[in-house]
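In the two assemblies presented below, subunit A is common to both, partnered first by subunit B and then by subunit C.
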Partner chain A sequence: MYNELDLNNINRRDFFSTLGVGGLIAMFPWLQSCTKEKNEAIRGEKVRIGMIGTGSRGMYHLNNLLHIPQAEVVALCDNYEPHLQEAAALYPEAKQYDNYCKLLEDKNIQAVMVVTPLNEHEQMAMDALSAGKHVFCEKSMALTLAGCKKIHDTYKQHNQVLYIGQQRLFDPKYVKAMEMIHSGLIGSITGMKAYWYRNNDWRRPVPSPELERQINWRLYREHSAGLVTELAAHQLQVGDWALGERPESVTGFGDIVYWKDGREVYDNISLIYRYPSGIKMSYESVISNKFLGLEELILGDKGTMELEKGKYYFEEAQPAPGIMQLINDIEHSVFDNMAFAGPSWVPETASISKGYPVLENMHVTSGESSTGAVGDGSIELLTAFCNSAIVNEKNDRLVEEAYYSSVYALLGLQAMDEKRIITFPEELTI
Partner chain B sequence: MSYTNYYRDSGMFHASMPLIMHTRLDVLLFEKSEKELVDIWDEAEKALKALEKMFNRFDRESETAKVNAGAQSKPVELSDALWEVIMECRGFYEKTDGNFDITLSNFKHLIIKEENHSVQFDKPGMLIDFGGIAKGYALQKIAEIIQKAGIRRALANFGNSSALAVGAHPHGDSWKIGIHNPFNNKLLETICLCDTAMSVSGNSPQNTRHIVSKDNQWIRENKITAIVAGDPVEAEVITTAWIASQEEKPVWLQEFNIKQYILYHV
Partner chain C sequence: MKDIIITVKQQKTELKWLLACFGLAILLNIVSIIIYQTSWTEIFTQILWELLFTLAFYALSFIIRFLYKRIKK
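Our next item is the complex of A and B:
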C-alpha cells in the first residue's frame, strides 16, 4: 500500500497493532489521520481536489495523488500554460483554470492544494479557507512572518482542515527514529546539526527572458527567501520534534558566494538556533558543493541519530541489535521472540561502526532533487490530508509545527540580513 | 568501560560491555530504582573484570597466564578462586568422559597437588584455557549479584551464545530466545527461558575452528548444540563437550541436570 503509514511493510512488525494506535498518536498527534483504521473507515469515499500550481512540485503531488484512492483531482490551475497542459495530460477530465479565484468559486471542489511560489501562499491559502475549502499548502507557510501568522489565524477562524507540506512528519523512518530518541536510546540530547548541500545553480530552464522571475521564482526576494524557506524550513522542524522545545534565538550569516548570476537569495548560509536549555541546532546550506549532502543529526550523550539516513550510532559500546530490538519491545509492552542466540559472536574487525538502521528497507534520499523524493512521507502526508478533509478532522499540531518551522526560517533570514541575534518575538507565539 | 542506559517508562536498566572475554555482554535489569540498579551493575562490572583478569590467558598479568608460563617447569600455587575452578574443571573432565578439557591436550598431564593447591604440567607445550567455561562463571557471578540484590527479573546475553534468564519478560511468561543458523541466518528454534541459563555452541562462518576434540583435532563439522540448564557453568561445559565428542547423544549427558538439549546439523 502506498497510502497509509503502515510500517508493517518496511519493518517486520506492524507499528500500530503492536504499540496500540493510542500510544503513537499521543506522542505524534498529527498521525491521527493516516492510520490503517482511518483508511478503512472511509473506504470508498473521495475528496474532490483542485490543484493550484502545476509546476514541478505540483506535478510531483499530482503523480502521487494517482495512488491515493480517496483523492479525486477535479480541477487544475496555473497561470503558465505549458505547466497547465502538462498536468491536463495526466488528468484530462479535470477542469482547467488560469486564475485561482475562479477555481475557488467552483462549488464542486472541496479541497485545494496550493503549490505555487512562496509569495503567493498567503493570499491563496486565506482565500481558499475563506471560500470554505480544505487547504493543503506547500511549505514554507508564507514569505513573511506576518503572513504566517495571518494564515494561522485564518485557519483558527474556520472549520476546515489546513495541511502544510512538512512530509518528514509522516516519513516512517522519522517517526520511528523520533520514537527511539524519545525513548532515550541516544540518551540526553546535547546538540543538533542539520545541513543540505547541493552542487547546482537551482535554476529551471527559461524559454524566454521575461519568464525568468516567474519560473526561477526561488532566486528572487519578491517571491522567496531562498534556502531558508525552500530547504531549511523542512529540517528546522526536526529540532523541535527531537528536543520538545522551541528555539528562543537565532543568529547567522548568509552570502552569495558562488552563483553570482543575478540572483537575490543567498547561496551559502550558516545559522545557529539556540534553545532555552542552551542546546543549539546548527544549520548550513551551500549549493556549490554536495559532498556532505543532506542530513539532520541528533547528538545525545549516549549516541547519535542520523535522521535522513535512518541510522543510529552509540558513543562507546555497540549493543547487539537483538538486544536493541528487545529493549524497544519492552518499552512498548511487546512480548516477542528475541532472535539472538547462536555460536559465539566474534568481535568485528571494522573500527568504525556502520551504524544500526532505524527500519529495514528504508527509502533514503540524496537531497539532490529539488522536486521531491520517493518514499519520503509525501504520500502518507497527502493521504492524511485527504482523510482529514473527508471527515473534517482538523490537525492543529501539524499546523503548529509547520507554522513554527516557517517562522524559524524567516527569523533566520532576518538574522542573516541584519547580521545580529534575533530573539523569538513574543507576539509570534501561537 | 560499559554503556549503560536507564529507560524510565519501563523501569529497565541496560548495561553493555563491548569487549569482555573476547565477546560482548548485554544485561537488562529491572525492579529497582535507577540508583540501585547503577550500584548493582557497578558491582557486577567489577566482578566480571576480576574474572576476566583471572581467566584471560592472553593477558600476561592474568593468573592463568602466570600458571601457563610457570607450570611448564615447576609447581605453581593457585589462588583459592582459581583452585576451586580447576577442581570443578577436573570434575567436568571426568563427568564428560574427557570431552571437556581445559588443558587443550589431556587433563591427565596436569599434576595437581592438593596439599599446597598447586598445579604443574608434565607435558611440554601444555596450556590451560578457560574459553569453554569462563562465560558460564561470569553468568553465575551475575546471577549471584542479582539474587543478592533481590532482583527477580533480568536477562543477560553473553556474546549471543550464552544467556541467563531470571524470571520472565515484563510482558510475557518467559524470555523467548530464537536460535539462528549462522550459515544462513534462518531461525532454527525458539527457546522459552525462565529462571534458567542457555548455552549454544558450534562453528560459524566467522569462526570455523575453535573447538578441539579429545584426540586434539579441530572440530570441522557444522553442528550446533544448545543446552538449557539451571546452572550457567554446566550449560557452558556441556555444549562445548558435546561438540567435541562428535557423538549424536553422548551417554554422559545424563550425568547433568539438563532441562532441554538440542543438536542441529547445519
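Our next item is the complex of A and C:
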C-alpha cells in the first residue's frame, strides 16, 4: 500500500513496539496526517487537485498521485504545450489550462500543486492561498528571502493547508534514523556533513533557442539559485532535524568551475553552517564528478548515521565474545614480538565497517535522477497533503521546517556571492 | 586381529571424564565473560567453542592418562 506512512512494511513491529505512534507524532509532528488511523478516518473521501506545472517533476508527482486513492486530479496547467499534452495523456478527464490564474478561478478545485520554476513559486502559492485553495508547493519555497517570508505570512493569514516538497521528512528510513539519533544511539552530535555530487550538465534538450531559459530555468539566476535551492535545500533541513537547533551563521564559496556553457548558477559550491553550540554542518555540491554521490552524515561521539544509505556505524567495533578474546590474548602473549612503538603514529584511515541498516527493505537512491526517486518519501508526503486538505488540518511544523531550509539555502547563496560570513537575520525568524 | 573390549566400568569412567571436561570448558567461558565483561548469554551462544574445548581437554586428559598408565606399568 502506498497510501500511508509505510514505516513498517519495513520493520513495523520493532519500530512501533519501541516508539508507538503517539511517540512518533510527538517527536515529528508533521507526520500527523499520514498515519494509518488518519487514512482510515477519511477512507473514501477525495481531494480535487489542480496541477500547475507539468514538466519532469510535475509528471513525477502526477504518476505518484495515481497510487493515492484520496487524490483526484481534475485540472492541469502549463504554458508549455508539449508538457501539458504529456500530462493530459495521463489524466484525459482533467481540464487543461495555460494560465494558472484561470485554474485558480475554478471553484471545483480544492487544492493545487505548484511544480513550476522557482521564481514562480512565490506569486503562485500566495495567489492560490488567497483563492482559498490548499497548496502543495515544490521546494525551495521561493527565489528570495523576502519571498519565503511572504509565503509564510500569507499561509499564517489563511486557513488553508500549505505543504512544501520536503520529502525526506516523510521518508521512513529518515524518520527511523532520526528517532535513533534522538534516542542517543550515536551519542552526542559533534558534526554534520552533507554533499551531492553528480556528473552531468543539468541541461534538458531544447527544441528551439528561445525556449532555453524556460526549459533550462535551473541554470539562470532570474529563475533559480542553482545547486543551493534545487539540491541543498533538501539536505540542509536534515541538520536541524538531527540537532534540534537552527544555524546562526553561514559562509562558503561558489564558482563555475567546469560547465562554462553560459549558465549563471554555480556548478561547484562549498558551504559551512555554524550552529549556536559550535557544531558545523559542511555542505558541498559538485556536478562534474559523481564518485561520492549524495549523502548526509550525522557524526556522533559514539557513532555515525548515514542517512541516504540508511546505515549507522559505531565508533568502537562490537567486542568479540569473551572466550575468543581470551584465545586471542593467549595467542598474542605466546607468539607476538615485543612492541617497539605505541599506536599513536598509525594513520587514521576511514572506517571499513559495513554498518547496520536502519530498516529492512529500504529504498536507497543514487541521487542521479533530476526528477525524483522511488521510495524517497514523496508518496507519503503527497498522501499527507491530500489527507490534510480533506480534513483541513494545517501542518505548521512542516511549513516551518521547509521555510528554514529554503532560507538557509538562500543565505548560503548570499554568503557565496558576497564572499563573507552571513549571520542569520533576526527578522527572518518565524 | 584382537577385539578391543571396553567394559561398562570403563565406559562410565570415560563419560565422567568427558562431562568433567565439558564442565571445565563452561568454567573457562564463564571466566572469559567475567574478565572481558561480555554478555552472560555467551554461556549459550558460544556453545560451539565450549564443545571444541571439551574435545580438546578430553583428548589431552586421554593422552595424559594413557602415558601415566604406561609409565606405571
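Just so it is clear, the second predicted complex is superposed on the first by the 390 of 430 C-alpha atoms of A that agree within 3 Å, B and C clash if a C-alpha of one lies under 4 Å from a C-alpha of the other, contacts with A are read in each partner's own complex, and residues count from 1 in each chain.
Assume a residue touches a chain if its C-beta (ideal position, glycine included) is under 8 Å from a C-beta of that chain, and two chains touch if they have at least 3 such contacts.
These figures come from a predicted structure and were not determined experimentally.
Touch criterion met: A:325 reaches subunit C, while subunit B stays clear of it. Subunit A is touched at more residues by one of its partners, and among subunit B and subunit C that partner is B. Judged by the touch definition given at the top, the superposed model places A:42 against neither subunit B nor subunit C. Once chain A of one complex is fitted onto chain A of the other, the partner contacts of A:187 are limited to subunit B, with no touch recorded for subunit C. In the superposition on chain A, contact of A:314 is made with subunit B only, not with subunit C. Comparing the two interfaces of subunit A, the one with subunit B and the one with subunit C have residues 319, 322-323, 326 in common. Taken in their complex, subunit A has these residues touching subunit C: 319, 321-326. The part of subunit C that touches subunit A in the complex is made up of residues 28-29, 31-38, 42, 45-46, 49-50. Across the interface of their complex, subunit A is touched by residues 1-3, 5-10, 12, 14, 16-19, 22-24, 26, 28, 155, 157, 159-161, 163, 169-172, 175-182, 187, 190-191, 198, 200-204, 206-207, 210, 224, 226 of subunit B.
Put simply, subunit A touches subunit B in their complex at residues 183-185, 187, 302, 314-320, 322-323, 326-327, 329-331, 333-347.
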